[in-house]
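One chain, subunit A, links the two complexes that follow: it is found with subunit B in the first and with subunit C in the second.
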Partner chain A sequence: MGFLTLQSLSKVFGDFTAVRDVDLSVAQGEFVSLLGPSGCGKTTTLQMIAGLVEPTKGTITLDGRDITREKPSRRGLGIVFQSYALFPHMTVAENVAFGLEMRKVARPERDRRVSEMLGLVHLASFAERYPRQLSGGQRQRVAIARALVIQPPVLLLDEPLSNLDAKLREEMQFELRRIQRSVGTTTIMVTHDQAEALSISDRVVVMEQGRMTQIDAPYRLYERPATAFISSFVGKMNRIEAVWRGGRAEAAGLGLPSEAASLPDGASIGVAVRPEKILLGAAGQGLFDGTVTSRFFLGSYWLFNVETPVGNVVVSLPNQGAEPVAEGALVSLGWPPESASIVAAAAGAAA
Partner chain B sequence: MHKNGPIALLFHSLVVAFVLAPLVVVCLVAFTPENTLSIPTTSFSLRWFAAIFQHPDFVPSFYNSLWLATLAATISVALAVPAALAIDRYRFPGRDWLNGLFLSPLIIPHLVLGVALLRLFALIGATGSFAWLVASHVIIVTPYVMRLVMAAFTGMDRSAEQAAETLGASHWTVFRRITAPMILPGITGGWLLAFINSFDELTMSIFVTSPQTVTLPVRMYMYATESIDPMMAAVSALMIALTAGAMLVLDRAFGLDKILVGQK
Partner chain C sequence: MKSRALTPWLLVSPATLLFLGLVILPLILTVILSFHVYDHTTGIQDSFTVEHYVRVVTDDYYLAIFWRTLRLAFLTTLICAVIGAPEAYVLSRMGDPWRSIFLLVIIGPLLVSVVVRAFGWSMLLGSTGLVNQSLRALGFDSVRLLYTETAIVIALVHVMLPFMVIPVWTALQKLDPAVEAAALTLGASRFTALRRIVLPQVSLGMLSGSLIVFGLSASAFAIPGLLGGRRLKMAATVVYDEYMSELNWPLGAAIAIIVLVANLAIMLGYNRLVETRARRALG
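Let's turn to the complex of A and B:
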């Protein structure tokens, strides 16, 4: 059994089920992300773990102890809120010291642990400032320090980076992972940003409308999305509507290479291929040809929209320095079978 | 911030002048050496200030009003904070009714309240009681405190309280260490507003004060109905000076914008 486990955890608000039968087991020291679009129940799940929302059903255990009905003040978990929730009338040092004060830690030790923690988050010289005198990234680190100083068995983070601008967000992702590694605290982070979830987690839990639909390592999630939703939510994904015929996928009369599957003849399916797995070649050299309708330069790579007999296909190409094919050019597309997975047909798609 | 145009500036100046002009005139009149309400032209005199302190009734009335306003404001804060907390945080039967009850004195004319309370005090034999005078002032100032404290509760970030709770604080500690300091601007603002309203109240107080509990506004009113001399202006000038002084001290000690506006 894991260090922190959730068993068929559910939350119903009135007649609306925000979280439905969530089962999750988190190992000690693990960094797990809850990933999903806004409103899918991530915050509710996190707050049930924290004790701020009472579960309608299910149990939560921590290190073998049932904490489902325990008061938040007794659980001793570290929580970083989306709004940071710093105490505006206290200095950075007082904010961080609050949890230790509640634990009646003696003054000298309290001061030592606060300054140690502020050093860890690189805020040692800001101890006497008030939250209003800090930037977004600094506030966020105060919130992390305040949650970690009590040495919680589990750290819960609710979209900790969503209030930061893009560049800072990327820096803070590494920062967060560095801090988590150095203290080794079991961490659950909520996010709606797939890049964030993939880059810093050991495992990612995908949530859709209150349910958990996949739990996997980031690269496995990316390579083997369990549902059509996940494949479109995590990274860019081409899906080509096809029919299974004679042991292979067929679309617009063309055979599409894909992983093997045992499906009845005539089943409608989707063929999912990542843009970076598609090989762009001279016309007539691949599986089928298409016309480049638009292209975008994104710094480290190029993105092409190619109009083909099987529909619009997005292709990405690393930037090698030279200018690639222009808009309007005729190109061929192809991919090895192992790069395409078979997924369920989109709802309502024509057979 | 962008600059104001000339018309906006002119408008602001006019508004400020309109508000300040009567105060300036009153302060000038207070220094007249004459026996009539006139603006001193040739010489200034402090005789009317001296007259206040020689008058046997003004100083006791001033202390009476000061006490009354302090007690009324403090008691109404003590009532309004828990009431606002309950109304803001909990859904219970009679919640709207309670909210209405606390705000209703705002819409009852003070004249009506005065007459009603006069009858009540006569009936229960409380005429002339200072405690009942305080109670009647609490009734009329509580809505102001209630409004400001409610606004403070509504505007505050609840997650700070939750954060404190998860850090191990009990409910009472959360209130004392987090909630109360965060709504302090609302509380102090409410207290000040209540104090000023009580200190200034005339209409109702005329009915419910008795010779032993006459407040400063009632004393001034009674004096002014009998004789019109510059002593009234001197009392007013003194009040203005006291208020300005109090504001200055508050600002130096705490920062007015901090207690009234909050420290965002």
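Let's turn to the complex of A and C:
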């Protein structure tokens, strides 16, 4: 039994099911991300845990206690809202102190904990500012401090980084993880950004249209996506439409190496290969040849679109300093069998 | 270059002319009029005096009326704030069809003439009106409501309520609902969240609502005229009396100017007091 568990949690708005039968068990101190595209029910799930949205069905337990019908003010969870929801008429220190004030913590103790928390998020010198006098990243840290100062058993973060610019977002990812590590609070973060989810979570929960489709460690999610949707949503993925024949995948008359599978002959399948797993070589030396149609330089790596007999294939190559093959060049492509997985055929492609 | 510098002036000129012609000019004429000597037999003289002002500020009759005007306007403002702010909050939390319907119910009365509404209240509150009939039916003694300050305040509140609800509602619209939710999750009760988080943020809306309600109540004419009767006068009705029954225009003008200045001083003072405090926090 986990520290925080959700059991067949569902939410129906009118005749629309926003969250459907979500089961999740989070261990104490764990950092779990809910990952999914916009509108898949992440915020609704988080707000049910927080007590701001009443579940239609299912139970939520915290440390063995059923909190499904408990008021948000009694649950004592720390929540960072997507808009941060800082109190605009209170200073940073007053914002952070609010939760302690509600808990009737005595003044000296309150002041001590507020300044300690502001120190943790590196905002000690901003205590007397108002939220409107802060930058986005600073506001976000105030929101985190405000949620953490009450020493909540669980910290809930709703897209905490989505309002920040790219550079700051990256910095704050690590900052968030640092803060979480140092206080050891069980954390659930909602995000639609797969890079964010992969980089800071212990486990990632993928949601699609209100359902949970995979719960796994980030690298396993990346290497072993459970559904076609996940494989395309998490990182880049090539999928080559193929047919299973004689114990291997075939496309355009070519045999494609892949992991083993037991499928009936003639089954329509997809072969999924990550761009970075494909090896580029001189023409004629790989599985098949193709022509580089376009090439993009992305700093740490290069990205190629290669036109091949089996369709367009995206290949990425780490930037080693020298300039790689040019557009229009003839190249060969190949990959070891363990790098390609067999996935269900795309809808419509089924024979 | 020259024409560009002129453009703003040209653009504001119609409004400026209107303002000068319809507000400033009559006001100046009223000020001048208030200093004219008045004689009961020969009327307004061409000589000047401050006698009217002295008389108004020393005569208990007028002072009582001023005092009543301020008191009733203040009471109306207070009641409007107490009723209007929660009303606006409930309104802002309503679902879609109901919100529009109730907004219409609140604004609807503005479409009916104040005089008509004052007559409506006088029918309700009269000695044989609906209120007293109900009281008698329930076995209570009938109460005298019409031609009392109570009647004036009831009717003023009814008329002024939209002017409080609308600015507060507008302020609530700008509020992020997550802010209130945040307070709840931090352990605040619903009431505490309202008092500590929502109320301070709509205080500017309440301030502007209060200013409108106070200003309009202090200068209300039809309601005190119809529901206060001959005896219970307020500032606007006494000015009317001086002009129309006593024909002492300079005295009426002096009262009008004093009411204007007092009203202006109170509103500006109040505005400065609350607004600077609210602005400092809300930016």
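Here is the rule we use: the second predicted complex is superposed on the first by the 349 of 351 C-alpha atoms of A that agree within 3 Å, B and C clash if a C-alpha of one lies under 4 Å from a C-alpha of the other, contacts with A are read in each partner's own complex, and residues count from 1 in each chain.
The rule we apply is simple: contacts are C-beta pairs under 8 Å (C-beta built on N, C-alpha and C of every residue); 3 or more make two chains touch, one makes a residue touch a chain.
Note that the structure is a prediction, hence the values are computed from the model and not measured.
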(request) Evaluate whether subunit B and subunit C can sit on subunit A together after superposition, giving fit or clash. (result) clash
(request) Classify the contacts of A:Ile150 with the two partner chains as first (subunit B alone), second (subunit C alone), both, or neither. (result) both
(request) Check whether A:Phe87 is in contact with subunit B, with subunit C, with both or with neither, and answer first, second, both or neither. (result) both
(request) Could you look at A:Gly210 and tell me whether it touches subunit B, subunit C, both or neither (first, second, both, neither)? (result) neither
(request) Show which residues of subunit A both subunit B and subunit C reach, each in its own complex. (result) 50-52, 71-73, 75-79, 81-83, 85-89, 98-99, 102-103, 130, 132, 146, 150
(request) Provide the residue numbers of subunit C that touch subunit A in the complex, in ascending order. (result) 176, 178-179, 181-189, 192, 196-197, 200-201, 281-283
(message) List the residues on subunit A that touch subunit C in their complex, please.
(response) 50-52, 71-73, 75-79, 81-83, 85-90, 98-99, 102-103, 130, 132-133, 146, 150
(request) Mind listing the subunit A positions that touch subunit B in their complex? (result) 50-52, 71-79, 81-83, 85-89, 98-99, 102-103, 130, 132, 146, 150
(message) Can you tell me which positions in subunit B touch subunit A when the two form their complex?
(response) 157, 159-160, 162-170, 173, 177-178, 181-182, 184, 263-264
